[in-house]
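Across the two complexes that follow, chain A remains constant while its partner is chain B and subsequently chain C.
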Partner chain A sequence: MESLFLQQVVNGLIVGSVYSLIAVGLTMIFGVMRISNFAHGDFSMVGAYIAVFLLAWVPGWMGWVGSLLAAAAGVGLLGILVERGVFRPLLTRWTDLDQIMVSIGLFILMENLAQLFFGATPRTLSDPFGGVTVNMGLVSTSAMRLLCFAMAMVIIIVLEVYLNRARMGVAIQATAQNRTAAQLMGININLIYAVTFALGSALAGLGGVLYGTLFAIYPTMGAIPTLKAFVVTILGGMGNIRGAIFSGFILGVAETLGGTYISMEYKHAIGFVIIILVLLIIPNGLFGRSEK
Partner chain B sequence: MALLALALCLGLTLAAPAGAAEPIKVGIVGPFTGSLAHNASEMKKGMMLALDQINGQGGVNGRPLELIFGDTSCKPANGVAAAKKLLSRDKVLVLGGGYCSSVNIATSEVANAEKTPVVVAIAISPTITNRGLKYVFRTSPNSPMFLQGINNWLAEVKKPKTVAFFMENSDYGRDGQKIWEAQCKKIGAKVLDSFYFEIGDTDFTTQISKLKQLKPDVTFNIASTTEAALIQKQAKELNFVTQWIGVGGQFTQAYFKMTGPVSEFAMGSSLEPTKAMKDPVTAAFVKAYQKKYPGSRPGIFSSQGYDNLMVIADALKRAGKLSGNLAKDRDKVRDALKATDLKLSQGAIKFGPDGQVFTVYPSVVQVQLKNCQPDTYIIYPASRAAAKYLEPTPWSKRQCK
Partner chain C sequence: MTGGSKKLLWAFGAALALALPWLISDRYIQHLLVTSLIFVIFASSWNLLTGYAGQFNLGHAAFFGIGAYASALLALKLGVPPWIGLFLGGLLAAAAGFLLGIPSLRLSGPYLAITTIGFAEILRLVAMNWVQLTRGSLGLYGIPPLPGFWGLEFTSELTFYYVALAGAALALFCFRRLTRSEFGLSLQALREDEPGAESIGVDTNRFKLTVFTISAFFGGFSGALLAHYQRLISPDLLSLHETFQALTMTIIGGLGTLTGPVVGAVLLTFLSEGLRFVEDAVKIDVRLIIYGALLIVTILFMRGGIVGLWERLSAGRGRDQEEG
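Let's look at the complex of A and B:
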């Protein structure tokens, strides 16, 4: 017998894993640099297109794994360029509002450049499993979806280990906690900015490949991941990495269960209801620490 | 969006060869950016072919045609802004193009208020032509015409006991649902549930999981290319089998590239020009299209875009020499449009008193596989059928991957 409830939980966890991955990048950049990057989902779009072109060139497993690596590297590099060229000059000179406006401008620019260069035709990534489905009695899904979920989990765990064990990772966390104190401790703050933005963008790129594998790839695809990443980031507490990880899954499951048992039409509204409730009741998010 | 709109305005105002007489301006609206940009570009490719042919033969009454594009992004507010700009700033004589019912309901009203003839190319909501607006025409069949064939097929062949709706949340989806709901009542099919999704949605697993519990014989799914393709793929991932029925606009080249064999058994109504190659006019269109765009196959939107501009050019020709008084000339073109009697790539084009074309008849098609390659085949009515209807089989029994 199949269970609607379990099926929806599985659907929610799979989508949630990708939300988490993309949101972690966003929240890292916010935590360290206090930048709300509205173009974050468009970095995912660029990652997805890198996968499209690589998979056209090298099909199958090699291409898929390769495209994850290439998307992380390519979008990470793009992140360094954008951080150095666009955001860093603004960090000291302008106000928060300027940063928000610039990132919205970046989002419009990237979307339109993508349509100009890649065309509007929607594309999908070919499934190296050849579309094998997995029917486990209570729930059904595809091998590819399970792999995307597993991949997201692996990347998140590697990131957690890196941030807590590696020297650079600890320095990033220190900067997020207190920029001035970190600087006084001899941390090269500009290097931290570059690494954080590169890492955050690379995560967006990886998330984009997974998102593109689950769904479809087209120039405006970045808008939904950006929106969801902001919901997740607010839910988890702005700048809180572990909060973003858990909140991604919470949002994924809340959307599918809300869609099933409350109203299908309001599935997207659930995220916004969550934002409003969180900001009203617990402004620092479910996992947030209070500002000192 | 703004950047692209600018690029569209600067780059795509396609003027005719220099030195010729002053061009006649025609405004074309469409969702050239956003999730429907691909389909809109198909419409545009059809129009550019028509423009080549018209201007290649010396234009209209010695004057070349000039197309000025306005981007609607499939949003009524943007559409109204684009239409107003075309009508008042560019002073176009007539408005063509289309796509997205909700947008065209709004833009046609704007044009009508400005007493400018508007010829809607794509968008099938009946509302567009049933409000008694005197300057509104439509070269595409409306949804009752599109769905008539499917209604007959449901009553005579499929006779479903249970159905469900999974529709785009727009006039396109909701109008289609009204028509099918009425037909289901007539033939005694029970409507189990109705779900809606938003244009641009990508994750449909929640709705499909719920549909799977309901087990409808037929699931009506009005959706455009990207959404329809994702729904088919996710249905497979969730092991859900049903007879999908859409309007047919989703069956584009991009759709088949996205779905592969997964789209097998899906049905819709179609005006695919490549399925009507027995018709010499349609065949000539397909040939000319493939000559201009090597390697691509004209779909329904290319054909509808082509016919749309051809109808406009023909009316301009019959309207005769223009006086230069914009209001008078627009009235003249409106009167000429009423008397349209053409044979084009979709079939005969004549307008009823409401401005709705009543001479184009779509057929019922089903996606079937030949050597694992999906394509649509006409299955109804029997007189036009190229294949027999096939019942959807469980995913485990399907061979092609």
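Let's look at the complex of A and C:
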């Protein structure tokens, strides 16, 4: 009983680490550019497929590490193109509605292009450990899932350091806090937008590779990470990076515990129930500051 | 365009709509016409809430599904006559719309979008998992058709066309009355500048709830029509893709205009069928790729959609004539 509970908490933290990673990208893009990108999870889908093809070509360790690097680079590059081609032309004149709808167009387009290029058959990523499990007293998990958790944590910590130490990272944060003031300090806003969108997309891509180690990969999978990332982002307060990190874990644990003790069928509804309640009671999210 | 010629155009349009199924005897095309009309109602009801009132609802499929399931279940389990079921389905959806409207009073933009998606997704999971009632992902089949009267049957595409046409006419008439009235002006004030509207005495809460309820009623009504036409429904009716369908039709036709969703629904229904022949030839699923691309292009380059483009072109032509 106790060990089942602990086991589910561990499982939840592992899934939650991936939710956090994907949501951090989404919340960063929202915080800096005010874009709610409904195609965010499709960037994860692209990242996952990069891993599928790379691992088929170079199996084992090299392929796995290479997949993460290639997904970050490839999806980051895709992000630059999408920002330049689709979002930037609208930045000065759009409303909330326009930019959400353009991202929905992107969602439909990417999902179906993926179906065209990759085929509808679900795929999985091979385990470089060959299915070894790790026992830690009361709980156990596969080495692969443990690695997935560790990678997510490493990436999140690197990002935190980058945003707080690097010049560009600080400039990104400054822009998120006050765009006009940042511009007056001589920050090149267009460059910040491009870097933020590329970085946010790269995080989605990395998250996609890790997501692919836990779940099946198929062309229309993107809707799930998109919706989870939005739930996490709203829970943490939109634009709040640390809020998103914590909320990712909260959602992961709530889902696995809810799936075990309440109902497996309604597991995917848990996140929505939580945010509907949160929005009704505390509209700025668990970690949100009130709007000025 | 002068008032007289506009009236003439309306009369011509109405006559054409009435005569159309007699001009085209192909049952497959008649089927597409019926489907288009059901989507005219569905997309128009989404447009009322999002295009006119600016409430970004991404859970419209919930109303579609509630209407369809309610009317189908009432007929199957309780033997409620489908004609009454159509309206009961609409009313149940309206009640759900009212409920969903309550959190929306405080939410906007992405927050409202996610809350409404959540609402529809929760209902979809219920429809998937409440197997005793809904038969889960198998869906409901054997839904009774609309019973005939005065020697008329409503089982063929030809006759159902007139039911759908009457439904679409009723919906569009209501939306026209609503949007051209003081109510409609207040809605647009609400969309453009909510605090401003409030400051001049518009009771925004009451307006939001009213428009949510009306929009949901017609969303549910169109779903109920679909249920008694197809006589087979599944939880897919509640999926995000169904809402995106209404959204794409409306944006491409022209958001926030009365004719936009009509043009969009008819165009995309026929376009996707036309593309199906292309798909059979090239063995590639191109339909939704084109949907997505059209949606992006419309928002980036012609925000008014087809109706906006048409109006700009005819305004330009009018000016040329005056000058010449």
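Operating definition for what follows: the second predicted complex is superposed on the first by the 289 of 292 C-alpha atoms of A that agree within 3 Å, B and C clash if a C-alpha of one lies under 4 Å from a C-alpha of the other, contacts with A are read in each partner's own complex, and residues count from 1 in each chain.
Quick note on the criterion: contacts are C-beta pairs under 8 Å (C-beta built on N, C-alpha and C of every residue); 3 or more make two chains touch, one makes a residue touch a chain.
Keep in mind that what you see is a predicted model, and the values were worked out from it rather than measured.
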Room on chain A for both chain B and chain C (clash or fit): clash
Touched partner set for A:272, first chain B, second chain C, both or neither: second
Touching partner for A:215 - first (chain B), second (chain C), both, neither: first
Which of chain B and chain C A:62 touches, first, second, both or neither: neither
Touched partner set for A:108, first chain B, second chain C, both or neither: both
Which of chain B and chain C A:230 touches, first, second, both or neither: second
Touching partner for A:116 - first (chain B), second (chain C), both, neither: both
Partner chain(s) touched by A:100 [first = chain B, second = chain C, both, neither]: second
First (chain B), second (chain C), both or neither touched by A:238: second
Against chain B, colliding segment of chain C, chosen among 93-101, 273-281 or 309-317: 273-281
Where chain A meets both chain C and chain B, residue numbers: 108-109, 111-112, 115-116, 223, 265, 268
Residues on chain C engaged by chain A in the complex (per definition of touch): 50, 54, 56, 103, 106-111, 113-115, 117-119, 121-122, 125, 128-129, 240, 244, 247-248, 251, 284-286, 288-289, 291-296, 299-300, 303
List of chain B residues in touch with chain A within their complex: 1-4, 7, 33-35, 37-38, 40-41, 169, 195-196, 198, 200-203, 205-207, 209-210, 212-213, 225-226, 229-230, 233, 236-239, 254, 257-258, 262, 395, 401
Residue ranges of chain A in contact with chain C within the complex: 30, 36, 86, 89-90, 96-98, 100-102, 104-113, 115-116, 223, 227, 230-231, 234, 238, 265-266, 268-269, 271-273, 275-276, 279-280, 283
Parts of chain A lying in touch with chain B, wherever the complex brings them together: 2, 4, 7-8, 11, 14-15, 108-109, 111-112, 115-116, 119-124, 130-131, 133, 135, 140-142, 144-145, 214-216, 218-221, 223-224, 255-256, 259-260, 264-265, 267-268
